[in-house]
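Heads up, the next two complexes both have chain A, just with different partners, chain B and then chain C.
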Partner chain A sequence: MTGAAREPVPEKAKAASFAPLDAGDASEAPRPAKAVQDPRGRKVKTTPGAFLGGAVGRLLPASIPFRYFGAAAVFHVAAWVALFAGADGAPRYRGGLGWTLASLHLVTLGVLTMTAIGASLQLLPVATRQAVRTRHAPTLVFWLYAPGVAAAAVGMGLPSVPLLATGALLIAVALAIYAVLLARNLFGARGMPAVIAHVWVAWIALAIVLVAALSLAFAYAGGTALPRAVALALHVPFAAYGFMGMLALGLSYILVPMFALSQPPDERTALVSCALACSAFAAVAAAAFGIAVVPLRVAAIGAGGVAVALHLRLMLASLAKGMRRDLGPSFRLVRLGWAMLAASLAAALGVALDVPFGGMATLFGLLLIAGWLLTFLLGILQRIVPFLASMHASRGKHRPPTPSSLAAGSALSVHAVCHVSALAVLAAAIVLDNAWLARIGTLIGLVGSVAFLAFFVQVVRRMLGAGAEGRTRAASV
Partner chain B sequence: MDRDRGSELRSRRWVEADGIHIDVRGLPPPQPMVSILTLVESIRDATPVVVHHERDPLFLYPELAEIGWTSERLDAPAGEVRLLLTRAA
Partner chain C sequence: MSYQRQVSRTLDDEHRVNLELLGRIEQAFARAPRSGTTGHAELIQLAGALARHIEQDVGRHFDFEEQELFPRMSDAGDGDMASLLIEEHGAIRAVASEVLPLAQAAAGGTLDGAGWTSLRRGALEMVERQVAHIQKETMALLPLLEDLLDDDADRELSFAYAAA
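And then the complex of A and B:
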């Protein structure tokens, strides 16, 4: 007779941690095990790192994803500093070299894409049940990409065309290698058709973004591949909604059910959402080449709006039906990000219809980049980082440190308050065309970004401390 | 909840002298984790849980630690990962 209670599972499970992907390793041969006996006299296999068993083949070394996440946290701070430097012109920014453009790319390349690379390199092999094929390529990508982003941003800010061109080349090579890694993983993927479809769309968008971005960067050096207007019209939607957006939407079909401990969302609806998004991208691409510009852009926004509505319905249903109802402050940011995604489409409509408001394009950029993508990603990141840290710290230990203990502290609360306040003040600065408000908003955002960096450093220190403690204990046994 | 009923239908559970057994083989992610955590969260005493899995549930361990449970690897036939989950003292 067991003592298991027969009452229903509590509605609200403990909510302190990231509910992750359940997967293991079928690819790496288990390390030699020694048999011991448990208190009931049964044989138990223990190995160095047995807590993870043979599962490490799908895990990159901690240093790889964490260097991407750490760089993202540093570039996040740099982005706010750059925006402060360019705050005078920020409320009516419409393009061109300078610190506002540098800030924009520190966010898109330095924070969003940096995190997307680190997260997808770690999560996709587990999600698609494949081994990590190479540990050198992700390291190479980082050492090309991070200096490339820094060079390109400084080149935009100063401005220095040679520096910008050098940075753009480094970024392009790094992203091309990343694209190969991603494609190899997707070709070998099993199951999860909606996730895979979204990531493939993101992959195609990345290829388009690379061509458009290089064309824009080298236009400053006198080279042209695409007319500037065409390149710009492709670059913005395919980078933000295409590459980053589809990656975020696709990975959400894995992450959100795992956070909430709920069943996977309906595949058919997710695929319909993906197809609608594809039709929106096709319309945007045609409009970029001057074909029926306004009708096609409006149609794209309509199709994109329905795609987003379907996606959000699936996400909200997943949260509502999940075992874990209270997902904490990180999901307040995620929900805000979703709201900003919808708001960005409304602002896009305003831009497409040429609404007579001077700050419309800037407001669209704020809602899209900082409101949707950055807010969503920071919410997700603050769950992923302590979870991965717990997993890596657990190697060789019977009981790992909990994600909540690694993340404990007030830094994330400070960050959340500052991030949301900064968005609100910057939106007001754009509406009122007020540079002082823009400066105040960037300073608030800067404080928040420093708090987020402090959170990251604290988690890493605790992870390293727990790992060292585990090794010391193991050595003393 | 519908989800709980679904998990119970898809994963097999039975009771033996060494604890409650749950077989989550063949379930796509994250259903094995949901099923295991649903079971573990429903246990009010020190009854252990034996998990029959087709792969090492890598990301389950921090979740278990978070709710005060530990895991040990047991001997298992080829192609199976068997875990003993116990409430931490």
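And then the complex of A and C:
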């Protein structure tokens, strides 16, 4: 049929095993990305939107992304427990060690960053059409990072400075290794320039966050790298909007069109959005060092607002023009997250202009971290976990489980109701400066987080069950 | 996605038509009660459309892809994805073989309550599998065809598909 030499057909993965789908022995050198050739053996260009080509061979073993997602689900529960412990001071929280700070970092490090690492390790090799270079490094990152987050959170909550410092060091080493993995992937990236640009900005923000966070953590132990005010002014925007935010925006350019079955968003507009975000970060960084603080922060919020508006316009167009319009309850959370992103910028303006409301900074934190990032991420996570699980459970099976059959049950509905209610009650607690409302909101959030954990456990159990069934069938043939 | 190749355009058009039908089926059956839907006019009409979709489109579309396109996909280096798509065809055919007699009976007004319950479950499973499958083909197969097919191959395959 063709004159081109066929590539050797890789041995198939064991049916629905917990092993990588390309069935490579973990000790083997990773397979390089396959060159795309036409039937006559010519090299051909790759088409935008073709990023799923070769995707099956670029799947990590299920155990890698799922350990990150599972840990995120566990830390999610822990975050609500910690917030309950610190609920007394939560409505007017302005910083300092204690359980409120621990809760904040259980969300940012334990849920958001944990998921971001797991998702980016799996998504980026697919999106940038590169082979998975190593399976050991992501595992090492996890075993440094997860205990580090636990130690740092407990160290903040108790408080115990040695525990906090130990946790901070583990986290810093893990994130440094992750940054190297990310950079190696980005250097070899092909296609999707807007996604790559966003992830590079997130990478730079991560480097800044690491310096600022270590400076803040070791200030408690008497160390000084950056003045506390400077480190704090860099830490919050570069961690939330910079690292997590740009990663979320960048990966959305892959995930949203994929789920909606729509054209890839306009690259130029996405790049303009990215450039505006960069200018906002530059203004924030200058303001952190005391240069024209209020004007630069207001300018940063303005530039960030336009960047967000462009991004959301692309996302909404993608959803509107997609072949798949109704994306279910998960995307209602995603849409709520987008609304909270815009609201967080309005609250940031209130903080920058020092509006006379004692809970402004706390409200900003709630809208930014729980309102936007957590809501958005949980919406995306409840979509990609069953999708990825069905991919891993499917090979070699006559009729593999569908994502919805893996996720069936009421846990996600309970989670969605509780999550949204908890946000509303916590916002009311901040506005009214009411610790009882904060406790009630926290308990509602805790119920939701347990429901989300139950959903995750159920998906993994069903995935493993499908795998065991497939192996039994294969053995009996 | 705007495709240059006739084969890609034809398959994409069929995907769009199918997604529109599948979306209507999903919404109607998801709204319907789990039992006691016998005689519902909209569902009877959709059951007929589903039966025609399975009889006329699924086999023809899948056979063409398996015989003409997936081998080219494997030759181009993405045998893993081609294998996955073939496996998904097998799963969709299996569901379709269960759903077809139920949908035909529903369209003919002879399906009982238990049959409607089975049809609802099978139709929703078929929708989910087909949507996920179209998702993968849109992101992997169709863009690849744009690069793989030259004018002659595109014309030849288009005629072959039209004649099938």
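In this text, the second predicted complex is superposed on the first by the 418 of 477 C-alpha atoms of A that agree within 3 Å, B and C clash if a C-alpha of one lies under 4 Å from a C-alpha of the other, contacts with A are read in each partner's own complex, and residues count from 1 in each chain.
The rule is short, and it goes like this: a contact is a pair of C-beta atoms (placed from the backbone, for glycine too) under 8 Å apart; a residue touches a chain by one contact, two chains touch by 3 or more.
As the structure is a computational prediction, the values presented were derived from the model and not from experiment.
Ranked by how many residues of chain A each touches, chain B and chain C are led by B.
Of the two partner chains placed around the shared chain by superposition, chain B is the only one that A:A127 touches, whereas chain C remains out of contact.
With both structures placed on the common chain, the touch criterion links A:S404 to chain B and to chain C. In the superposition on chain A, contact is made by A:G191 with chain B only, not with chain C.
After overlaying the two complexes on the shared chain, residue contacts for A:Q263 are found with chain B and with chain C alike. Touch criterion met: A:R325 reaches chain C, while chain B stays clear of it. The intersection of chain A residues touching chain B with those touching chain C, taken from the two complexes, comprises 1-2, 4, 6-7, 9-10, 21-22, 35, 38, 44-47, 50-55, 258, 261, 263, 323, 387, 390, 394, 398-400, 402-404. Contact residues of chain A toward chain B in the complex are 1-11, 13-14, 16-26, 33, 35, 38, 40, 42-47, 50-55, 58-59, 126-127, 129, 191-192, 254, 257-258, 261-264, 321-323, 387, 390-391, 394, 398-404. Of all residues in chain A, only 1-2, 4, 6-7, 9-10, 12, 21-22, 34-39, 44-57, 258-259, 261, 263, 323-326, 387, 390, 394-400, 402-405 touch chain C in the complex they form. Residues of chain B touching chain A in their complex: 1-4, 6-7, 15, 18-20, 28-34, 36-38, 41-47, 53, 55-63, 65-67, 70-75, 81, 84, 88.
Residues of chain C touching chain A in their complex: 1-2, 15-16, 19, 23, 26-27, 71-72, 74-81, 83-84, 87-88, 90-91, 94-95, 124-125, 128-129, 131-132, 134-136, 138-140, 143-144, 146-148, 150, 153.
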